[in-house]
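Two complexes, one shared chain (chain A), two partners (chain B, chain C).
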Partner chain A sequence: MGVTYICQWKQPEGQNIQQSIEQISSCVEKLGAKKAGLFQVECESFNAPNAPNAKTLHLIYDSEFPASRFALFEEGSFLVTDVMLSAFLSKLRAVWQPKKGGKIDCKGQRYELGDFLIKLGVVSVGASAKGISVELEYAPCVYARDCWGMMSEMLQSIIGEQAPPSLPSNLQPKGTERFSPELTMQQYVEMFNNIRKTVVAR
Partner chain B sequence: MVEPANYQPLSGEIPSNVNVQEYFLQGSILDANADKLKQRLQGLCDNVPPEPFTDHEQIYFLKNATSMLPIIVKACKSLAKPSTPWQIKYVGATEVGEHNKPTMIRSCVTVAVSNDPAQFLDNLGFSLQSEVILKGYFYRKGRLQITVSKISVPPTATCDTSKLEASASSHLVEVNTTASPRDETAGDEVKNFCQLLRPAIVLNKVDHRKLQQWQ
Partner chain C sequence: MSDVMAQAKLNMNFLSQAITGTQQLRSTVTNVFNLLCEGVKPDEEEDGKGDDAETAVTVGKDGKKFLQRFQEYLEAVNKDYNEVEKMCNNMTSMTDLPVLGPSGALSLDSIADKNSTYRDAVLTYQWNNRLHEYAQIATSLMLTNQIKRSQLQAGAGAKRRRAAPPKFTNLPSQTVDNTLQTLSRQLSDTTMKILQASGDTRIVHLAVGRVFVVIIVLRSLTIEKVLVKGLDENIILENNTVDLFSDSQYLCMQKITDHAMSAVLQYSTYQASPPEFPLKYLLYWLQSYKSLFTDACTVCGKHLDNGLPPLWRDFKIPVPCHDSCRA
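Then we have the complex of A and B:
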């Protein structure tokens, strides 16, 4: 597991999701990336209707970590657990309930290009597609600051102008901490929240 | 390698026959007689030497608006093997059941977690109720697991296990197995094993509600 950057691809006017995916994947394939299976990230949100101060809980499944589940409180604690977490949460259903429409997922093609891992996914709520995600992972390094130069260059060639100009703050752990799956999951939750918001705004 | 009795394989999907029902019987034995029981257990468990364990258990309660009973979760950490992960265990209400039921039953979901779950449980609304240290020996026979342990109160936050203060002059003995709720034979298996321990110790169903009334 190395440093991972996730962003939402903003579709140009007049292009639908299918066309955008084709455009990015042809661009990735031109760089020499090889298809390496499919990937899936699922996020289910829970809230406690009777506890007004309770934060939202996100339960994340990522096919890159098949034996793990990630539990993330919004602006709160983070925990990596085994697969029994959903059975555990179902036991707390008297207090913690799944949010209505709180299930969102991201599925798509996974590419390998040397030390890089590129994932292009369609984000959907239920059956309807809502947006496109682009994930780039640089596997050999666990310090974002040290490999950002290379990642930034790779992002430029995949998503062009939409690449961030400098190291995003959410990739920088406090102090000199190593990059961890926690930061990957936070980025996913952030992206899912943004996609939900823009869908509502439309 | 023999899998532990409560082994739950790690895989992408929750196995459909997930073991969430715990069948168990409890009892206690005076310290003076504990060694005899240990010898008997070792003999019954195919002469495999017992595994010593020291577990720190924190018991958390979550108030439940729909029921008088709180939701109980235990956070456990092995002090003997610090590299093993923390576990959080949901423990359901104990059903003593009718006379024809051989053991007590409760639902039980164990989740291995990466680090101290205290903050996570706090975010979920749980509050710490009590904590104990269980020190003793662990035996297994097929899917049954048997613990003989001494309960003590943690002395300070440092959990120095050499200075534990035992809270009673007896050992807690528990025979249990986790199986699927449809498994009819699990209870009988526990009951039959407990019969073999007589007369050193008599393990019976204990109505926890009555115990709480006496307090």
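Then we have the complex of A and C:
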């Protein structure tokens, strides 16, 4: 698991989701990237109405880790478990209840270029598409600060001006820690929350 | 071999004769059937009139002439048949030409007639045979006029050609360990430890910065194998031995492994006196990769080239450079 950066593509005025996806994927293919299957990330959110201080719990499935499930609490705790987690949560129905409209997912095309993995996904709630996600992973390196120069160069050529100007703070936790799947899942939850908010605002 | 070819050639001649004979036989047989088709009575009149002028009147309308011709034709058939049979007996078993092996079957393929593969194969074979013969003659001539450059016997000369055995295999174990320790102290940002040692062979684990790990197999101080792997890749197998054979899953590490092997070859040719020099050069060269992910290419100034960082380091001045930017 290498360093991963995830962001939401901000669609220009007058461009629909399909057009944006086509634009980015043609850009990615021009760089020489090869299609490498599909990917899917699902996130279901739970809360505990009976426990006043409980934070929201996000349960994440990522096709990149088919045998694992990730549980992420809003305040930061993180768990990696096997596939039985969702069955277990449904047994705890009395405490953890699925949030209304809490299911959100992201599906799309994977690309490979050298050791880079590029994923373009459509984020949707229920059946309606809400936005576009762009994910870039550089697998051989496990320190975000070291390979940021390379990643930033790659992001520039994929999403142009929307690439972050410097290393985002959420890629670089405490000190020089190694990158972990937790940071990937946090970015997903963050993006999903942002997309939900903008949907509500509209 | 060549008389087998001659035999085959002879067979071919017989075969063509046999084919002509068979055609002859077929035409005489056709004559017989034609005669029979024409029948006796109705045509006999006309034929009879026509032939009367030439032959005598002896032939009447009773079909005597017909019988006579029938007999003539049958005799011709008999003669041709005997001819063909004779040819067949002349031919020795042609089907299994030992020299051509399975390629002999090519001659049976009718499509092959168009592209002449079989003919070419046979020609090639002939040329090859000739070459072989000339070579044999040449060898025998040269053996009688040998020029000796050294006093060594032929057998000893052949042995000498083999790569010289590594010079320093007999270094005492203590010396090797000490050398490795000294070398490891000279490296910066790079840690070196011995994973396994048995006899003269040591497996050395080298961690270069925060970039990759290298497994080096040493026989005494001679480098036998270098394998570069990512930091998060497994190097210890389930049975607790070191994985020396599976390539890295990362493209860049695979390419650096290739470069490292050529570096080993390059440094091994240095005829420097101290035995640890090739290893020392290799370690310094590998150490230069500690900036693999951070440094841009010194030629084009970019980080990426086709999705890969600057993977190349020159063997003399190890500065980062893309594979494609190498001068």
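The working rule: the second predicted complex is superposed on the first by the 202 of 202 C-alpha atoms of A that agree within 3 Å, B and C clash if a C-alpha of one lies under 4 Å from a C-alpha of the other, contacts with A are read in each partner's own complex, and residues count from 1 in each chain.
FYI, contacts are C-beta pairs under 8 Å (C-beta built on N, C-alpha and C of every residue); 3 or more make two chains touch, one makes a residue touch a chain.
It should be emphasised that the depicted structure is a prediction, and the values quoted were computed from it without experimental measurement.
> Once the two structures are overlaid on chain A, check if chain B and chain C clash or fit side by side.
Pair status: fit.
> Just checking: does A:L79 make contact with chain B only, chain C only, both, or neither of them? Give me first, second, both or neither.
Only chain B; A:L79 stays clear of chain C.
> Given the overlay on chain A, how many degrees, to the nearest 10, lie between chain B and chain C at the CA centre of chain A?
The vertex angle at chain A equals 90 degrees.
> First (chain B), second (chain C), both or neither: which does A:W96 touch?
A:W96: touches chain B, not chain C.
> First (chain B), second (chain C), both or neither: which does A:L38 touch?
Once the two structures are laid over each other on A, A:L38 reaches no partner at all.
> Specify the partner with more touching residues on chain A, choosing between chain B and chain C.
B
> Report for A:A139: first if it touches chain B alone, second if chain C alone, otherwise both or neither.
second
> Does chain B (first) or chain C (second) touch A:G114, or do both, or does neither?
After superposition on chain A, A:G114 lies in contact with chain C alone.
> Let me test your reading of the model: by the given contact rule, A:M150 touches which partner, first (chain B), second (chain C), both or neither?
After superposition on chain A, A:M150 lies in contact with chain C alone.
> Could you tell me how near the closest CA atoms of chain B and chain C get once both structures are overlaid on the shared chain, in Å?
The answer is 13 Å, the least C-alpha separation in the overlay.
> Within their complex, state which residues of chain A touch chain B.
Residues in contact with chain B: 48, 50-51, 54-55, 57, 63, 66-67, 71, 73, 76-88, 91-92, 94-96.
> In the complex, go through chain A and note every residue touching chain C.
Going through chain A, the ones touching chain C are 1-2, 31-33, 113-116, 139-143, 146-147, 149-150, 153-154.
> In their shared complex, at which residues does chain B touch chain A?
Residues in contact with chain A: 8, 10-14, 18, 20, 62, 64-67, 71, 88, 90, 92, 107, 109-115, 117, 119-120, 122-125.
> In the complex, go through chain C and note every residue touching chain A.
Going through chain C, the ones touching chain A are 210-212, 230-232, 249-253, 293-294, 296, 302-304, 306-309.
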